[in-house]
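Please go over the structures that come below.
Two complexes follow with chain A in common, the first pairing it with chain B and the second with chain C.
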Partner chain A sequence: MELLNALVALANYVVIPAVAYGSQLALGALGVTLVYGILRFSNFAHGDTMAFGTTIAIFFTWAFQGLGVTLGPLPTALLALPLGIAGCALFVLGTDKVIYRFYRRQRAAPVILVIVSMGVMFVMNGVVRFMIGVDDQNFADGARFVIDARSFRDATGLDEPLVLRLPTLITLVTAAIAVALLFWFLNRTRTGKSMRAFSDNEDLALLSGINPERVVMVTWIIVAALATTAGVLYGLEKSFKPFVYFQLLLPIFASAIVGGLGNPVGAVVGGFVIAFSEVGITYAWKKVLEYLAPTEALEPSGLVQLLSTDYKFAVSFAILILVLLFRPTGLFKGQSV
Partner chain B sequence: MKKILLASAATALVAGAVSAQDADPVRIGIILGFTGPLESITPAMAAGAELAIAEVNEAGGLLEGRMVEPVRADSTCIDSAAATAAAERLVTTDGVAAIMGADCSGVTGAILQNVARPNGVLMISPSATSPGLTDAEDDNLFFRTAPSDARQGVVMAEVLQERGITEVALTYTNNDYGQGLADAFTAAFEETGGTVTISASHEDGKADYSAEVGALASAGGEMLVVAGYTDQGGKGIIQNALDVGAFDAFFLPDGMVGQVIVDELGSGLETSVGTLPGTDSAGAETFQGLATEAGFDGTGAYAGESYDAAALMMLGMAAAGSTDSAAVSATIMDLANAPGEEILPGQLGRALELIAAGEDIDYVGATAVELIEGGESAGNFREVEFTDGSIETVNFR
Partner chain C sequence: MSDPYGSRGNNDRSITKSNEPLGGVSGDIAGTGPAADGGAAASAAGTAFLAGEGMTGGYGRGADILHGCTVAVDRGRIAVIVGPNGAGKSTAMKAVFGMLTLRAGRVVIDGEDITHLSPQDRVAKGMAFVPQTSNIFPSMSVEENLEMGAFLRRDDIRGTMAQVYDLFPILKEKRRQNAGELSGGQRQQVAVGRALMTQPKVLMLDEPTAGVSPIVMDELFDRIIEVARTGVTILMVEQNARQALEIADIGYVLVQGANAHTGTGAELLADPVVRRTFLGG
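Moving on, here comes the complex of A and B:
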């Protein structure tokens, strides 16, 4: 019983939040890593791309809700997601055509593209705020819980509750599907293979007749899809606020770099490493240890919290610096930064 | 000859300006966070202050018939630089005689030090409650009709003690207000023999509070005390704690009590309790009647305090016979406290008559104002519960 309580507390406060957050970060990091691998620059506008796609999806969600179209217990936002992706894809393709292509033709150094992406970031920042405002937007509807605290306690007789919210479950399932689709696309389809070839060696790929503009276009569409999915899931599970999405840039980059920039597997693993570190290091382990301690004397008197929750973002920074110092190519072999 | 002409023209201009000023209205700055974390309660606060001003104007104005004119400005509640600039504009451009505000403790301190003291302008805040402001250097220019949180901390501890709760977890918004209230509450609660299992700050404006709630839940406690803001992190913490089943009872101090949070969390707050400044004096009811007539919600947090703040500064001007802040400040304590005839809301005209006749008044107002040393309200609180989707007062302290 004590052991079960400990496990349930751990699952409720650490594992479930971290897995959900980790999948959102992984989707974000995949987008960053694709841009880095194929277009060869760090895209600072990624957080705002997420915010833009989510904004479009929110507008369509509201429209559907207004028309009375819903998915029953599932959130309406899932229905609006493809439209959000389409809108976001159009926007990033336009950005590419107007801005990035110019620098690509000049064969501009990556550092110039990074600065250019910062400019794009500020513009998108403004566009999003202009469209939807700076406030919190709540667009989640449908059922709230798969397992709620009271029914879990009643069913199991444990002291600790276990809660699984529907948006959390949807996050996990959708993220898994998105990642599986992406890997299938990159490894099995002709376009995916040409993207990988382009990423490995641009000149060789051009010589073998791969059309670079097409590769770039497909990359942007995939990036828009990943960013919008990540953004909508984050907004559904937590809440949507433009500034928060901008701030997500740090953990997303940390995830991509920890996993190895340019390496999709690394991006997914990196997302979970960052999420579990952020939640685990700032969690107060007192309760779990109390359940596990065999005698009262061994129970901890303090909170057993490594860092206060204020320092959540500092955890991503610390891991980022450690990885850059000791393993610049990341856990999986990516490009060094 | 030319010089003489110029000089006389200048003199005439100056003389004209002086006489024009006499006919000028007396301006009072109302600086509150019309945008920012308190934006949902500030409209009623401003309306409260403007109600008092309208009442004085109806009674014939101040200082031999000069009308009083409110000038609104935005304190943003959180951005000290913006608040200072707004207050500076009130004093230099609009030429206000006194400042009613600001709302949040941080910006109030900033305005006091950067604008009010350098310019020697009287300032009465209706809602800055940080204990830190009690000892702030103020050249005797700063008063507040709200009690310090040191007092609210004691009241909160009393409420918990009476309900037999001895162990609580505490989270506070990371600013002057949250920190001050958390410290005051912890000290008072531990004195009554209670235990605070964890005192953790939270940042406002985040999307996700699961890590914060995880730490709070691990520390445990019978109740979670949330010293935050209704529109901000405070609500996020409660929502998350309810979702994961970490706590089911919450203690909501003044910054958290608002109809918005009750509407959004609904039955989740059934077992929760809150405190906010308030009194059962006759003044409170009269004020609510006047507010309803004027078309705003008089039960809103700090609406009554705002009325009182504006009323006190105008009565002060009448008593001092000028708008000079130093002279006005000297009268405030006497006006607010006994002895004298008690003045309730709606009786400002009567108060002006008494002052003109040279008699003492004891301003009671909407919130039973009683100023103690340091120029702050002694503090009356109401204890509220959240049943059936409304805020119900169960006790006065």
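Moving on, here comes the complex of A and C:
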């Protein structure tokens, strides 16, 4: 019984939140890793790309809600997601046409493109704030719980509650579908293979007749789709605030680098590594340890929280530094930074 | 911190940029062809299937590397370019493929002047190029490498793929394995196989045997002869001059970007001057 309670507490406070957060990071990191592998620069504007796509999706969500169009128990935002993706794709394609293409033609060094992407980041930052403001926006509707605390307790008789919120479940399912679609696309379709070829060996891809502009265009559309999906899921599960999305850049980059930049499998794994580390280190383990301790004397008196949640970004940062020091190509072989 | 892009691709003139020659290039270059032994090469170029005639030029805006260099090869024959280090062997081949700016001279395939075409357009004209390094997609499987070779083709590529597998049986065995995990010789087979997937009329190989063992080298040469027998014209740059000349229908010895000696492989191997200066006695 004690063990079961410990496991339930662990699932409720660590595993479920970390898996949801990890899925969101994985989608974000996939976008970063695709830009790095194919366009060959670290896209600092990625967090704000997520915010932009989410903003569009929120506007459409509100419009649908105003019109009385809903998905019943599911959040209306899922209906607005494709429109958010389309809006975001148009925006990043426009950015590419106006800005990045110029530097690509010059064959600019990656470090220059990084700085360019920072400029784009600041502009997108401003655009998003102009559109939706700086405040928290809550756009989740529909049912709230799949499993709520009371019914779980009544059903199992355990002391510890287990809560599974609907947005969390939607995050998991949507992320799984998105990742499966992406891998199918990259490994099975002609266009996807040509993107991998372009990422592998640009000159040889050109010799094989692969059209670079088309590869770049498809990449941006996929990046917009991943970023918007990640952003909407994060907003549904937590809340939407432009500054928070900008801050997500650090854990997202950490995920992509831990997994190995340019490697899509690595991005997914990296997302979960970062999420579990962050949640695990900032969680107060007192409750779980109390259940596990055989005698009262061994029960912890403190909270057993390694780091306050205020410092959660320090976790990503520390992991980032460690990986760059000891394994710069990441867990899966990516390109070294 | 190392620059991850330093080794990306060749450091030559970008193949992505259009191929606009600096000077006016016209067909009257034949008269200004190189003198001495090179003259024979220039006149032989007139009827050849593939010919770079009187090519002069260098990378970007740098100094000229080629000085009136001529290489030509008949349909289904093997031409080999040899010479000392820095003679411009690879440069001559890249010039034929349009990867550098020609200030004089022209490139002709099957009677058609292609001097102004970009490398990509030359691929569409039936030329295939196997670079010396970075000539595979390392994180893609062998089969995907071949598929990418045939990217421009919209027809059924399975027949061609079967031919490549017949030519290189080891590739069929390893077709699901990543090309980057193969040995040097096997990678070269992937590289040649990829180039063959476009069903080219001309196959250009830049030092195909660089860094492979002598046994593998012999095998690669055998395969190249087989490819030539199917009617594919072959232009090859080689460091292993003696072995390469043994299979050559025509050989070009380049020195300082110009033709020094031209002849059939056997003639060059028998030529005492060539033997003494380039083949080590």
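Quick note on the criterion: the second predicted complex is superposed on the first by the 337 of 337 C-alpha atoms of A that agree within 3 Å, B and C clash if a C-alpha of one lies under 4 Å from a C-alpha of the other, contacts with A are read in each partner's own complex, and residues count from 1 in each chain.
Note that contacts are C-beta pairs under 8 Å (C-beta built on N, C-alpha and C of every residue); 3 or more make two chains touch, one makes a residue touch a chain.
This is a predicted model, so every value here is computed, not measured.
Contacts of A:F52 after superposition: neither chain B nor chain C is touched. With both structures placed on the common chain, the touch criterion links A:I210 to chain C but leaves chain B unconnected.
When the shared chain is aligned, no partner comes close enough to touch A:F246: not chain B, not chain C. Greater residue coverage of chain A by touch, when chain B is weighed against chain C, goes to B. Contacts of A:R107 after superposition: chain C is touched, whereas chain B is not reached. Residue contacts after overlaying the shared chain place A:A197 against chain C, while chain B stays out of touching range.
Common to the chain B-facing and chain C-facing surfaces of chain A is no residue whatsoever. Across the complex, chain C meets chain A through its residues 1-2, 4-5, 8-10, 14-16, 119-120, 123-124, 129, 131, 134-140, 144, 147-149, 151-152, 194, 198. Residues 9, 12-14, 17, 21, 136, 144, 148-150, 152-153, 161, 163, 165, 234-235, 238-241, 243-244, 278-279, 282-288, 303, 305, 308-310, 312 of chain A are the ones that touch chain B when the two sit in their complex. Across the interface of their complex, chain A is touched by residues 174, 198, 200-203, 205-208, 210-215, 217-220, 236, 243-246 of chain B.
Those residues of chain A that touch chain C in the complex are listed here as 40, 107, 109-110, 190, 193-194, 196-197, 200-210, 212, 335-337.
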